[in-house]
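Okay, so subunit A shows up in both of these, paired with subunit B first and subunit C after.
Right after this comes the complex of A and B.
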C-alpha cells in the first residue's frame, strides 16, 4: 500500500500549497517540501529490500476488462529514478522558495510542481503499461502548466504549447505502440512484458511497435529531430527548467528506453535507430550549445546533447553500455541541476543571463562561481568529477563498437561530441565567471541567500564525492538499477577513477585539448557558423501548425457551414455509400419467406401513407401544411402498430404525435411560414437524388428483412420466457424497459432531462440578449382573431383534466402487465396539463400548477437511480428488480414490483421534461406579446 | 351476423378515410385539411374498435380511449395557431 502512496502522495498533497499560501510563503514551501519528503522517506524505507534484489509489487484491479489495472512495482530502476525525482524535487522546492518573487503566485507553482512530481513517480513505479501511459500523459499536461507558469510572457505560453504538442503527439504514438506490445506479450503488465523479450523481437509487429514507442520516447527526451521544443521550454522559471531538464521530464523518455530495454533492445533495428538518433542528437545539440549566448539556451542544448549520449548508450544494446547509461543519468542529474540553478542565480542577481554581457563574476559571487565551475568541470568530463567517469565509460563503449561494419566511425564521432561538450562547459565557466570584472551589469551582483545556493551546493558535493569515491557512493545504486535495466545480465563492475592508459583516456584527453582550442578560437568559429544558413525550427513548426489548422478549418467549414440541409445531405450520402459498399460487397438473393396476402384495410392504410407522403413532398415548402401531413403520417403509423399487434408502441406514438405538434407549432410561430425555394437547381437535384436513393435503400432493406428469418434466431423467446419469472410482469415491452434493459432506460431519462434543461438554458440566455429586443418589436404576420381563450374550450378542457389524470394513473398502474407504463403515462399527464395552458392561458395555469419542473426532472432521475441502488442493499447488481404480492382489504391481492418505483422515476422525468420544454418555448410568445414580459396580460377567466 | 356487420363497418369506414384523404390532398384551404385530419382521428377510433371486435379482444380499447382523449388536442393547437399564432398565451 505504501508503494502506491509514494506515487499518490504528491497528487493528494498538491492541494496543500494552494491552501497554505495564505499562511505565508515559507509555510507554503514547507508543506510542499514535507509532502515530497514523506514520499521520499517512504521510498527509502524500501531501500534494503530493493538492494537485496527484491521486486516489490502492489496490485489493484481497476478496469480488468480492459487490462488496465493499478499495478505498481518497485525494482532497482524504478527506485533509482524515483530517488532522483523526489530527491532533486526536494532541492528544487527549497530553491524555488527563494527564486520566485513576491508577485509570482507561489501556491500555484507548488501545486503544479507536486502534480508533475506525482506523475513522474507514477511513470517510474507503474507495472501496467496502460497505467504508465496515463502517468505519461499527466506529465505532458502538468509540464505544460509549469512551462507556461509565467502566463504574462508570450514566449512562456508558446513554449508550453510547443512542448505539449510535441510530447503529446509522441505520447499518442506511444499509446499505439504499447497496445501492440501488450497484444504481442498477451499482458499489459510490465513484469510479464519484460520477460517475453524473445517473443516480442520475433513478432512481425516488432518494428511498428518499436517505432511507435520510440516516437514517444524521442519526443519526450528531445532527440533529434524533435529536439527543438526543449530550448523553447526555457521560458519557464529556472526552478522548472532545473527540475524538468535535469532529472525528470526529459529523462522520462530515457527511462522508458531503459525500462523497455529487455523487451526491445539488442536487435539491429534497435541499434541503428536508437544509437544513430542518440549520436546525431549528441553532436548537433553540443554544437548548437557552444554558440548560445543565453545561459539557459546553452544549458538546454547541452541537455539535448547529454540526452543523446544516454540514448546512444542504451542503443548499443550491450549490458555494459546500459550500465554506463544508468551511471550517466545519475551524474547528469546532479551536475545539470546544479548548472541550471547557478544560471538562475546569475539571472536573479545580475539581471541578465546573456553570456555576452557577463564575465568576471568570480570575485563578486565566489560561492556561486565555485559551484558553477565544479558542475561545469563535471559536465566537461574533467577527471576527479563524476561526469568524467561516465563519459569515460561512454568513450570506452564507443571505442569497440562497430557501426556499419566500420570500427572507426563511432569512436571518432563520440570524440567529436566530447570536444563540443568540453567547449560549451568551458564557455559556461570561463565566459561567465572568469575574465575581467565589468562595470555594466544591469544590477549589482552578489551571492544569493543561503537557501538559494545550498541546493546547488549539495549537488556539487555529490558531484565531487561520486567523482572521488564512485564505488562507495554510487556503485550499489548503479549496479542494482542496471541489473533491473538488463534483466540481471549487467556485469558486476567496480567503478574506479584510474583504469590505466586506454583508448577512452586518450580520447578524453584529445577532447579536452580540442575543446579548449575551440573556445580559444571562439570568434573564428562564430564567424564560420554565421556563413551557413541555419533552419529555424520554431518557424518550421509554426508553419506546420498553421497549415494543419488551415486544413482542419477547410474540412470543418466545408462540412459544417451552418446549413442543416448540408449536414443532412452529408449524413445521408455517407449512409448510402456505406450501405452500397455493404450491398455490392457481399452476395445476396431474394427472401425465402412467403409474402402474406394484402388485406383491404392494409391496402387503404398503404394508400393513405403513400398519398400523405407524396403530398408532403409536393407541399414541403408550406410549413404548416407539412405539419398537418406529418400528423396524418403519425396517425397511420400508430394504426400500423395496432395492425401488427404492438399496442404499447401505438399508445406511445399517439401521445408523442400530439406533443410534437404542439412543440413545433410553438416554434413555427416565430419562424418563416414558407421554406425558401433553393435558387440553385443542381442542389435541388442533389437533394432529390440523395433522398430517392436513401428511400430505395431503406425500402429494399425492409423487404429483405421481412422476407427472411433472423440470422441467429429471435431473442423474443428469451424475453417471453423470462418476463414473468424474472421481471414479475406479463407485458414484455414494459419489463424490457424497466428491467431487462433498465440501465438503458436510466441513461435515456437522464438524456431526456438534460435535453429539457438545455432548452431552458439556451432560451434563458438568448431571451435576455438581443432576441428580447427583437421580440419586443415583433408584429404577428397574420391578423389575429379576437378571442384568445374561447369559453367552450376552457370549459371542456377543465372538465377533461380529472379524467385525463385518471387515465394517466390507470395506464401507469397497469403498465407492468398490460400495455402502458411510466413513459406513456407521463406523456398523457403532460398533455392533460398542456391543454390547460392552451385553453386558459399560461398565467392562469401556471398560477395553479405550482411545481418546479426542474425539480421534477431531478426527482425522477433520483427515484430511478435510488431504485437501482436499492438492489445493492440486497447484494445484487444495480437495478435488479424484485417483486412480491400484497393483500389489502377491498382492493384484494396485487403485485408490488420494485420496477414500479423505477417506472415512477421515468414518469416524473417525462412529465418534467415535456412541461419544462413547452413552458419555456411558450415564453418566447409571451415576451413578444407583452414587449419584454413585464406586463403579462391577465387571463380573462 | 356480427362478422358481416364488422366487414360492412370496415368497408364504410375505409371509404370514409379515403374521402378524408381526398380532402386532405386537395384542400383547398387550411381549415379543410385540419378538419380532414380531425375526422381521420375519429375514423381511426372507429377502426380500432371494429378491429377489437373482429379479433375478439379488449386490448386495443385503451388506445381508442387515448385517441378520443388526446386526438383533439392537435386539432385545437392547429386551430389556435391559425387564429392567434401563439398557442400558449
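Right after this comes the complex of A and C.
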C-alpha cells in the first residue's frame, strides 16, 4: 500500500499548498516540501529491498475487463528515477520559495508542481502500461500548467501550448503503440511484457508498435526533429525549467526507452532509429546551444543535446551502453539542475540572462560562480567531475560500435558532439562569470540568500563526490538501475576515474582542446553560422498549426454553415447510407407473422393521417397552416395509440403536441410566415429524393418489425408479470419508467434539463448585445391588434387554472396504477401555466410565479437522484424501489411507493424545463413588441 | 326498464350525432369565416353535450355508477368553445378579411391611432381607469 502512496501522496498533498498559502509563503513551501519529503522517505524505506534485488509489487484491480489495473511495482530503475524526481523536487521546492516574487501566486505553483511530481512518480512506478499512459498524459497536462505559470506572458502561454501539443500528440501515438504492444504480449502488465521480449521482436507488428512508442518517447524527450518545443518551454519560471529539464519531464521519454529496453531493444530497427535520432539530436542541440545568448536557451539546447546522448546510448542496445546511459542520467540530473538554478540566480540578481550583457560575475557573486563553474565543468566532461565519467563511457561505447558497417562514423561524430558540449559549457562559465567586471548590469549583483543557492550547492557537492568516488557513491544505485533496464544482463559496475590511456581518453582530450579552441575563435564561428539559412522551428510549427486549423475550419464550415436544411440533409443522407449498407449487406426475407385485418375506424384514421400529411407537403411554405396540420397529425397519432390500447402514450402524445404547437407558435412569431421557395431546382429534387428514401426506409423498417416476432422473445411478458409484484403498480408503462428502467429515466430528465438550460442560454444571448438591438427594432410582419389580452380569455384562463392544476395532480397520483404519471402531469401543469402567460401577459404571470424555473429543474433532478440514493441506505442498488400500503382514516388504504418520489422528480423537471423554454420565448417576445419599454403587452389588467 | 334505458341512450347519441353532422356540414358549406364559426360552436355545445349525457345515462343504468367525468368535460367545453369562437372572430376581424364598410365605424381612439374593429386601445382604457 505504501508503494502506491509514494505516487499518490503528491496528488493528495497538492491541495495543501493552496490552503496553506494563507498562512504565508514559508508555510506554503514547507507544506509542499513535507509532502515530497514524506514520499521520499517512503521510497527510501524500500531501498534495502531494492538493493537486495527484490521487486516490490502492489496490485489493485481497477477495470480488469479492459486490462487496466492499478498495478505498481518498484524495481531498480523505478527506484532510481523516483529518487531523482523526489530528491531534486525537494531541492526545487526550496529554491522556488526564494525565487518566486511576492506577486507570483505561490500556492498555485506548488499545487502544479506536486501534481506534476505525482504524475512523474506514477510513470516510474506503474506496472501496467495503460496506467503508465494515464500518468504520462497527466505529466503533459500538469507540465502545461507549469510552463504557462506566468499567464501574463505571451511566450509562456505559447510555449505551454506548444509543449502540450507536441508531447500530447506524441502521447496519442504512444497510446496506439502501447495497445499494440499489449496485444502482442497478451497482457498490459509491464512485468509480463518485459519478459516476452523475444515474442515482441518476432511479431510482424513490432515495427509499428516501436515507431508509435518511440513517437511518444521522442516528443517527450525532445529528440530531433521534435526538439523545438523544449527551448520555448523556457518561458516558464526557472525552478520549473530546472525541474522539468533536468530530472523529470524530458527524462520521461528516456525513462520509457530504458523501461522498454528489454522488450524492444537489440534489433537493427531499434539501433538505427534510436541511435541515429540520439546522435543527430546530440550534435544539433549542442551546436545551437553554443550560439544561444539567452542563458536558459543555452541550457535548453544543451539539455536537448544531452538527452540525445542518452537516447543514443540506449539505442546502441548493448548492456554496457545501457549502463552508461543510466549513469549519465544521474550525472546530468545533478549538474543540469544546478546549472539551471545558477542561471535563475543570475537572472534574479543581475536582472538579465543575456550572455552578451554578462561577464565578470565571479568577484560579485563568488558562491554562485563557484557552483556554476563546477557544474559547467562537469557538463563539459572535465576529469574529476561526474560528467567526465559518463561521457568517457559514452565515447568508449561509441568507439567500438559499428554504424552502417563502418567503424569510424560513430567515434568521429560522438567526438564532434563532445567538442560542442565542451564549447557551450565553457561559454556558460567563461562568458558569464569570468572576464572583466562590468558596470552596466541592470541591478547590483550579489550572492542570493542561503536558501536559494543551497539546493544548487548540494547538487554540485554530489557532482564532485560522484566525480571523485564514483564507485562508492553511485555504484550500487547505477548497478540496480541498469540491472533493471537490461533484465539482469548488465555487467558488474566498476566505475573508475583512470582507465589508462585508451581511445575514449584521447577522444575526450581532443574534444576538450577543440572545444576551447572553438570558444577562443567564437566570433569567427558566429559569423560562419550567420551565413547559412537556419529554419526557425517555431515558424514552421505555427504554420503547420495554422494549416491544420484552416483545414479543420474548412471541413466544419462545409458541414455546418448555419443552414438547418443542410444539417438535416446531411443527417438524413447519412442515415440512409448507413441503413442501406446494413440492409443490402445482410440477408432478409418477408415477415412471417400474420397481419391483422383493418377495421373501418382504423381505416378512417389512416386516411385522415395520409391526407393531413399530403396537405402538409403541399402547403409547407405556409407556416401557420403547417403548424395546424402538425397538430392534426399529432392528434391522429394519439388516437392511434388509443386505438391500439396505449392510453398512456396517447395522453403523453396529446400533451406533448399541445406544448409543441404553443412553442412553435411563439417561435414563429419572430420568423417569416412563409417558407421561401427554393430557387435552385436541383436542391428541391435533392430534398425530395432524400425525404422519399428516408420515408420509405422507415416504413419498410416498421413493416419488417411488425411482421415478425422478436428474435429472442419480447420482454413484455416479464414486465407484465412483474409490474405489480415487483414494482407495486398496475400501470406497466409507468412502472417501467419509474422503476424497471428508472436509471434511463433519470438520465433522460437530466438531458431534458440540460436541453432547457441550453434553450435558455441561446435565448438569453438574444436579450443582450447586437441581437437585442435587432429585436428591439423589430417590425412585425403583420399588423398588431391593440387587444393583447382579450378580456374573455383572461377571465376564463384564470378561472380554469385551479381545475387544470387539479387535473395535473389527479393524473400524477393515479399514474402508478392507471394511465398518467409524472411526465404527463408535468406537461399538463405546464400547459395550465403557459395559458396564464399567454392570456394575461408575461409580466402579469411572471410577477405571480415566484419560483425560479432553473431551480425547479435542479430540484427535480435532485429529488429523483436522492430517491435513488435512498436505496443505498437500505443497502440495495441505486434506484431500487420499495412500496407499502398505508391506511389512513377517511382516505382508506392506499399504496406508497418510493417510485412516487422519483416521479415527483420527473414531474418537477418536466415543469421546469417546459416553463423555462416557454417563459423565455415570451420574454423575447416582450422585448420585441415593446422595444424594452412597458407597452400594451406589459400592461396589467 | 332495459328497453327504456336503451332508448334514452340511443336517442341522446343520435341527437348528438345529428348535431355533429350538421355542424360539420356547416363548417364545410358556409361561405365565410364569421358564418362558419357558428357551425362548430353549436355542434360542440349541443352535439357533444348530448353524447356526454348519453354516456352518463349509460353508466347510471348499466353500471349503476354516477359518473362525474362527463360533467367536467362539459364544463371545460362550455368554457373553451365560446372562447375559441371569440378569439377566432377577433383574429378574423383583425386580419381585415371583412369588408370594412359593412361594419360600424370603430370608436375614436385616445392614442390617435385608428385600430381595426373589435380591438381596444389600452391608452384609452388606462385613462378610463383614471
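Brief remarks on what is shown
In this text, the second predicted complex is superposed on the first by the 603 of 941 C-alpha atoms of A that agree within 3 Å, B and C clash if a C-alpha of one lies under 4 Å from a C-alpha of the other, contacts with A are read in each partner's own complex, and residues count from 1 in each chain.
The rule is short, and it goes like this: a contact is a pair of C-beta atoms (placed from the backbone, for glycine too) under 8 Å apart; a residue touches a chain by one contact, two chains touch by 3 or more.
Please read all numbers here as calculations on a predicted model, not as lab measurements.
By the touch criterion stated above, A:203 is placed in contact with neither subunit B nor subunit C. Of the two partner chains placed by the overlay, only subunit C lies in contact with A:792; subunit B stays clear of it.
Within the superposed three-chain model, A:34 lies out of touch with both subunit B and subunit C [touch as defined at top].
When the shared chain is aligned, no partner comes close enough to touch A:880: not subunit B, not subunit C. Of the two partners subunit B and subunit C, more residues of subunit A are touched by B. Contacts of A:800 after superposition: both subunit B and subunit C are touched. In the superposition on chain A, contact of A:57 is made with neither subunit B nor subunit C. Look at A:722: by the touch rule set out above, it reaches neither subunit B nor subunit C. Looking at the shared chain after the overlay, A:2 reaches neither subunit B nor subunit C. Common to the subunit B and subunit C contact sets on subunit A are residues 782, 785, 787-788, 793, 800, 803. Every residue of subunit B that touches subunit A in the complex is listed here, in rising order: 10-11, 14, 17-18, 21, 24-25, 30, 33-34, 36-37, 40-41, 44, 47-48, 51, 59-60, 62-63, 65-67, 69-71, 73-74, 76-78, 80-89.
Those residues of subunit C that touch subunit A in the complex are listed here as 72, 75-76, 79, 82-83, 86-87, 90-91, 94-95, 113, 115-116, 118-122, 126. Every residue of subunit A that touches subunit B in the complex is listed here, in rising order: 600-601, 604, 607-608, 611-612, 615, 624-625, 627-629, 631-632, 635, 638-639, 642-643, 647, 650-651, 654-655, 657-658, 661-662, 665-666, 668-669, 780-782, 784-785, 787-789, 793, 800, 803-804, 807, 811, 818-820, 828, 831, 834-835, 837-839, 841-842, 918, 922, 925-926, 928-929, 937. By the touch criterion given at the top, residues 782-783, 785-788, 790, 792-793, 796, 799-800, 803, 936, 939 of subunit A touch subunit C in their complex.
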